[in-house]
């Protein structure tokens, strides 16, 4: 149950939360029951940590208790950001203002989730990933280390567009190590983007992208191989 | 006028609000004057119900008092969601976290408005509709029963792009019963998507879509008819 | 340091803030240290003014103290909107609900920033500009007077998609006087859209748009010249 705390103005803290002394808190922060908090956190104004899930009757997300939210050492959460129960955010991540992270999302260390970006349920994200403003990571996706997802990128996972019933198979995207997806690109369900590949801005990707390929257009086609000098290695 | 209430931590309630005993409230909820609230509500942290309209001097939205916001029985409103005065949300709807619903929007029962989705003024939405994350429903649109709008879909209504003056005619979209619009699709002003039609992900729709047609591409073209087995019926 | 204020329910005000008597305040407003506030402000529920910057270690935004946020006379800030320290908003602007404005953004008078729109750091915006719902203005862009940016427009600035290192050159968009950008259009890095030009909805703009040209498609091509009767003049 949420109760006012004297630690910061407008702060509400749930049961079983151990709030470290060194946390830097904005105004009106809400921390729900059982949230696990690392050292040196910065929690912005009006952010919400560990919000219990509220699924619609027709949601495709698994029910059940997703466990507590956990934030590693040095995590920064922006103003108005919402982190659901069962999300696990590793050390030194930044969740920017108004970002949204759902239940059972796992995020590796040093990853940045941009302003207003959205990560749906049951997504696994690696280390040093950068998801920029308003990027949308659909449920059941895998995003490997060092991936860059530009602003407004949209991943999809439902080939039936809602027609397959509650038990339908959803196929998230797989973004392999060090690939890059340009601004506003749209990926159809189940797409894999290969290691070090680059999807151009505004592309609509309808089939898998080979490793190290540059693809562009609607539908996206391979334009060339990424040069040695551009590889992250 | 908003005043603190003892019913929940950080709760602010306006004049003339009858808050049912069985409402489940997060932290820092704001309920403005006159809001009409059904039974078994769940109102998430930092959500705002019945916010008075604040139009810019150049807004195309009608002025005047839109009346109170009303939420039917069993409605769930997510964290950080904003529902304006004059929105009417029927029973058992879910407005997800950070969603936004404007004045004079009417939403039928059992409809889901996804995380960060936005419904502009004077929109009418049916029953069992699903608007997914960050979908954008432009003003003066009509969305019939059982429509599915995927993440990041963008409807537009102004062929002049702001050039027609304050009295200009805006033409929202019409999404007929059981149609589906895929992720990131863009609809030009005044488009009608027919019953059971399917707009592919990433399409740009420049003319009306016949009933039961599958359209794809930029500009969108009819690819085939939707098979019997895919119809909602 | 934020402290509760008796001026409005849930209001938190930082040090060195002179809150004018005529400000109209929603619930749970947060105003950070040193914010400079004009007359006749309207600040919506849960909005945040002057939030200090929190950059990730790999951010391309300049560090250092951006100075205080300032809001001119008659500015309206919507519910859940976030204005960072060092943003300067001129008289009579409207920042709609859930909008986001970063450090060192300068916005001229009478401009509207739509619901959920995002303006990144170091952007300069003119007078009577209209940025609609969920529009995304990338860092280092210039938007001149009387520009219209439709919902969901996406500007980009990084040709390397994150690969150029922290010191890399970012090239924002330049939107010249009275140009219009249609819904969901995507602009590649460094694009200039000429005076009175019009980018069609859903276009992907890969090269500069001449003044007064209408461009459409993917990639965008010139379709015709804008007629005299459509010019703002």
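A few remarks follow.
Which chain is which? They are A, B and C, in the order written, and residues in each are numbered from 1.
FYI, contacts are C-beta pairs under 8 Å (C-beta built on N, C-alpha and C of every residue); 3 or more make two chains touch, one makes a residue touch a chain.
All values reported here derive from a predicted model rather than from experimental measurement.
Residue numbering at the subunit A/subunit B interface overlaps only partly, since under half of the positions present are found in both copies.
Subunit B maps onto subunit C through a rotation of 120 degrees [Cα fit, steps of 5, range 0 to 180]. Each chain gets a centre from the mean of its Cα atoms; for subunit A and subunit B, those two points are 24 Å apart. The residues of subunit C that reach two or more other chains are 10, 28, 46, 80, 98, 116, 134, 152, 184, 218, listed in rising order.
On subunit C, the positions that touch subunit B within their shared complex are 8-10, 26-28, 42, 44-46, 76, 78-80, 92, 94, 97-98, 110, 112, 115-116, 128, 130, 133-134, 148, 150-152, 180-184, 198, 201-202, 217-218, 230, 232. Taken in their complex, subunit A has these residues touching subunit B: 2-4, 10, 12, 28, 30, 46, 48, 51, 54, 56-59, 80, 82, 98, 100, 116, 118, 120, 134, 136, 138, 152, 154-156, 158, 160-163, 184, 186, 188, 204, 218-219.
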